[in-house]
Amino acid sequence: MTDTKLKIVVWNEGVHEARNEPATIGEMYPEGIHGAIAAGLRGFYPDSEITTATLADPEHGLSEEVLAQTDVLLWWGHIAHEEVSDEVVERVQRHVLGGMGLVVLHSGHFAKIFTRLLGTTCSLKWRNEGERELVWTVKPSHPIAAGIESPIVIPQQEMYGELFDIPEPDDLIFISSFSGGEVFRSGVTFSRGKGRIFYFSPGDQEYPVYHQAQIQKVIANGVGWVAQPGVFREAPEVSNPARGWFEAR
Amino acid sequence: MTDTKLKIVVWNEGVHEARNEPATIGEMYPEGIHGAIAAGLRGFYPDSEITTATLADPEHGLSEEVLAQTDVLLWWGHIAHEEVSDEVVERVQRHVLGGMGLVVLHSGHFAKIFTRLLGTTCSLKWRNEGERELVWTVKPSHPIAAGIESPIVIPQQEMYGELFDIPEPDDLIFISSFSGGEVFRSGVTFSRGKGRIFYFSPGDQEYPVYHQAQIQKVIANGVGWVAQPGVFREAPEVSNPARGWFEAR
Amino acid sequence: MTDTKLKIVVWNEGVHEARNEPATIGEMYPEGIHGAIAAGLRGFYPDSEITTATLADPEHGLSEEVLAQTDVLLWWGHIAHEEVSDEVVERVQRHVLGGMGLVVLHSGHFAKIFTRLLGTTCSLKWRNEGERELVWTVKPSHPIAAGIESPIVIPQQEMYGELFDIPEPDDLIFISSFSGGEVFRSGVTFSRGKGRIFYFSPGDQEYPVYHQAQIQKVIANGVGWVAQPGVFREAPEVSNPARGWFEAR
Amino acid sequence: MTDTKLKIVVWNEGVHEARNEPATIGEMYPEGIHGAIAAGLRGFYPDSEITTATLADPEHGLSEEVLAQTDVLLWWGHIAHEEVSDEVVERVQRHVLGGMGLVVLHSGHFAKIFTRLLGTTCSLKWRNEGERELVWTVKPSHPIAAGIESPIVIPQQEMYGELFDIPEPDDLIFISSFSGGEVFRSGVTFSRGKGRIFYFSPGDQEYPVYHQAQIQKVIANGVGWVAQPGVFREAPEVSNPARGWFEAR
């Protein structure tokens, strides 16, 4: 628990919830997946402003005004990636390059904002049979690993397996294994422009993963790590300075 | 000089040449910038098939048939990035993710294919005053640095300076300094999907940089390093394998 | 300025000061180089316990008791690296692997603790002619770069040039250029075991670099970044767990 | 199969073989572990000179004369790391920094040469219960992954698990999982000085892993990748060049 004051927006497409698919989702996540993630964060950031936004909101709830004041955006999407407007995606990209933190969760690996920032397909293997996932820490010195037990045991989870088609991450923090034998780089960071990105794969619409205390702690650590509350929000720009321009300062 | 047999395509927008801007370009690069780069490569890959293509060619000379047979694509562009069709850019990206090598040169940092693969603005500082550039090797163990003297001295060159807004490269091989004091990560590699990318900043339409033997050698080394002639050309794809699928092989 | 409470030890061999070599050192750094560094840090960490230690102290001031309570150790050495006892070096290494932060400054690149943690020669080019150094930020998203202007202008400084024989750093934050044209990776991070290491090259016994506000800020940022005050101080150890050991927790 | 001509030395402590421990080793590896590794390499490098050396040889078979002519050294050790003389270890380190390739196998993670080059404890979890190991490719663009199926299935193998206390590798190529659920970064590269290092964990004195064709291919790929046959064998050295020294060349 910290006294850091952040503005955090938890974004969820919200389509599984609206369609009540799977039928268990209402009971598992009565406030939606975004609601559960936000609730988890409130325990770690009691003084922060934590809101949610969904695909159905005007501009998906991600207007210029909202993003300009957001320190960290969390992203959950699955079956409606294509419905996210390109204009909003470009806006989010610009803010990330300008220093807004981004945490992408689980099936968000195929979100437009993620593939656009990474430049790869972000494809992977998957299998939904409720396998046990073990999340092992491989970079214990990273702030996101602080206080995390290794492995985190997730009793049932969708399998995500390599090859995960992402660029070489800046930091590889967690590697998962699944009952079926597959492995996955489940916690990775990237920097793009002035911004920081954390991808974390655990979490799904069918399993109560976001209620696990250790998963909540990883996400909270990730939020803390990507946040740069004081950063001047402007993506790097081309410039044509005169020779010796720095001497005049 | 090697006996490696590669299919190499040197792409140049070819607009400076068509407009005869600057007026010196015809004398400096009578076969165009692409022609000079191709000529340099022929000395290192005498058994390879080295062709050129430009913006004005049908499909910019980069049809599916051409790319499918290309081991390495070199890219030079400057004032016509926006005229490159999105369809061709997506095709090139798909081939890079599938294993085609890509070498991006100088002002190609703003090419659509480069920013799309990297996800950042790729912006930088620049100043065209004919400053001396020194290209220092910082990763001597890398194949691209083999046989390269450190520093390479380029008597006159456009200045490119940090911040160069790129993701953290896989390998940082060269760092340049300029007379005015700026520095630049001038030789960097990235992997995306199954493909390898090398960016090298020296080279310009106003200076005879591509005639320097050591610059030609770096580019030849880069071509050799990004090439994967036997690779199965297919970008990574999502799949949903049955549990234990690998036991059946 | 933060209210973080850290235990910080600034170590300096203290030999230049003891010998009064160069003759200007007493006037430039009346409390020694370590005193100047510590004074700079006090402005950023007013609530922290900041002490100094030197080669002449018993156990070089780095007993097991001292290290066990130290969150961050800063290291400055130059002409007496060989006089540092191997026992102390091994002790420091063990604490770094266990999570103690380490900041190595300038000529500390040849310190036993640095070459031992990195495994390379850590050799470089040098020239002491009072050249201007420009320190350029190349990873603006890193906490150590927060609030740092790019470039920092150091009017006079010893030149350190590539090839700097270090392993590929985790983060490359700063690159310097010098009047003579050389470049240097002047701000780099490494992780070793559970510990974090920051190397920063500016600073010398002949130039008043440690009095520059921006240099002090970089060092303070570095201290903040390597510090892990709550970490369980134990280097990773080999273990032979029973199958399924994690289920019993 | 290539026509590359390399000088390759396969080093094995040879103590398991001498003691006939385990009792199966003579049947499994009649020419010793080194003999099996060398035999595997001969299929890929028919024109190369492939020799073996052991702890019992004078200077462990690694005299200055031998190393000076060696392009690639492979290292297997397990129960006699402490018996390797420090003088030989320093000699090998100097040659690696000068450009000799090094491939470290399995229990060589605790070899003096490995911990000295990496600076960490190189500790890990282990359990010897003949678990199935799956070796997954996570960097398909790397030359060491060329032609390797993912996963390689090793029916029975000693478990090696995270945390593997190594520095962040330059390239992470393979990640393994084991029946018990542990994961391990089983194929990683490092560069140190001018040299390249590849660590690959599969292989043991109790299991016939070095007879598997795909394991042999990975090792052969690793040998090809670390080799720099033409490199000038000298570790980076400190120097004090005059200003503008590069202009005189």
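Should a chain be cited, it is by its letter among A, B, C and D, assigned in written order, with residues numbered from 1 in that chain.
Here is the rule we use: contacts are C-beta pairs under 8 Å (C-beta built on N, C-alpha and C of every residue); 3 or more make two chains touch, one makes a residue touch a chain.
Please read these numbers as outputs of a predicted model, since none were measured by experiment.
**Student:** Sort out for me whether A-D or A-C is joined by the greater number of C-beta contact pairs.
**Tutor:** A-D
**Student:** What rotation angle takes the CA atoms of subunit B onto those of subunit C? Round to the nearest 5 degrees.
**Tutor:** Here the rotation carrying subunit B onto subunit C measures out at 180 degrees.
**Student:** Can you work out the whole-Å distance between the CA centroids of subunit A and subunit D?
**Tutor:** Centre-to-centre distance between subunit A and subunit D: 37 Å.
**Student:** Taking each chain's centre as the mean of its CA atoms, how far is subunit A from subunit C in angstrom?
**Tutor:** 33
**Student:** Going by the contact rule already set, what residues in subunit C reach two or more other chains?
**Tutor:** Residues 134, 139-140, 151, 161, 163, 168, 170-171, 181, 191, 193, 236, 246 of subunit C touch two or more partner chains.
**Student:** List the residues on subunit A that touch subunit D in their complex, please.
**Tutor:** Its residues touching subunit D are 132, 134, 136-140, 150-151, 161-164, 168, 171-172, 175-177, 179, 181-183, 185.
**Student:** Within their complex, state which residues of subunit B touch subunit D.
**Tutor:** Answer in residue numbers: 99, 134, 139-142, 146-147, 149, 151, 153, 170-171, 191, 193-196, 228, 230-231, 236, 246-247, 249.
**Student:** Note which residues of subunit D are touching subunit C in the complex, please.
**Tutor:** It comes out as residues 93, 97, 116-121, 123-127, 129, 131, 161, 163, 165, 167-168, 170, 179-181, 190-193, 235-244, 246.
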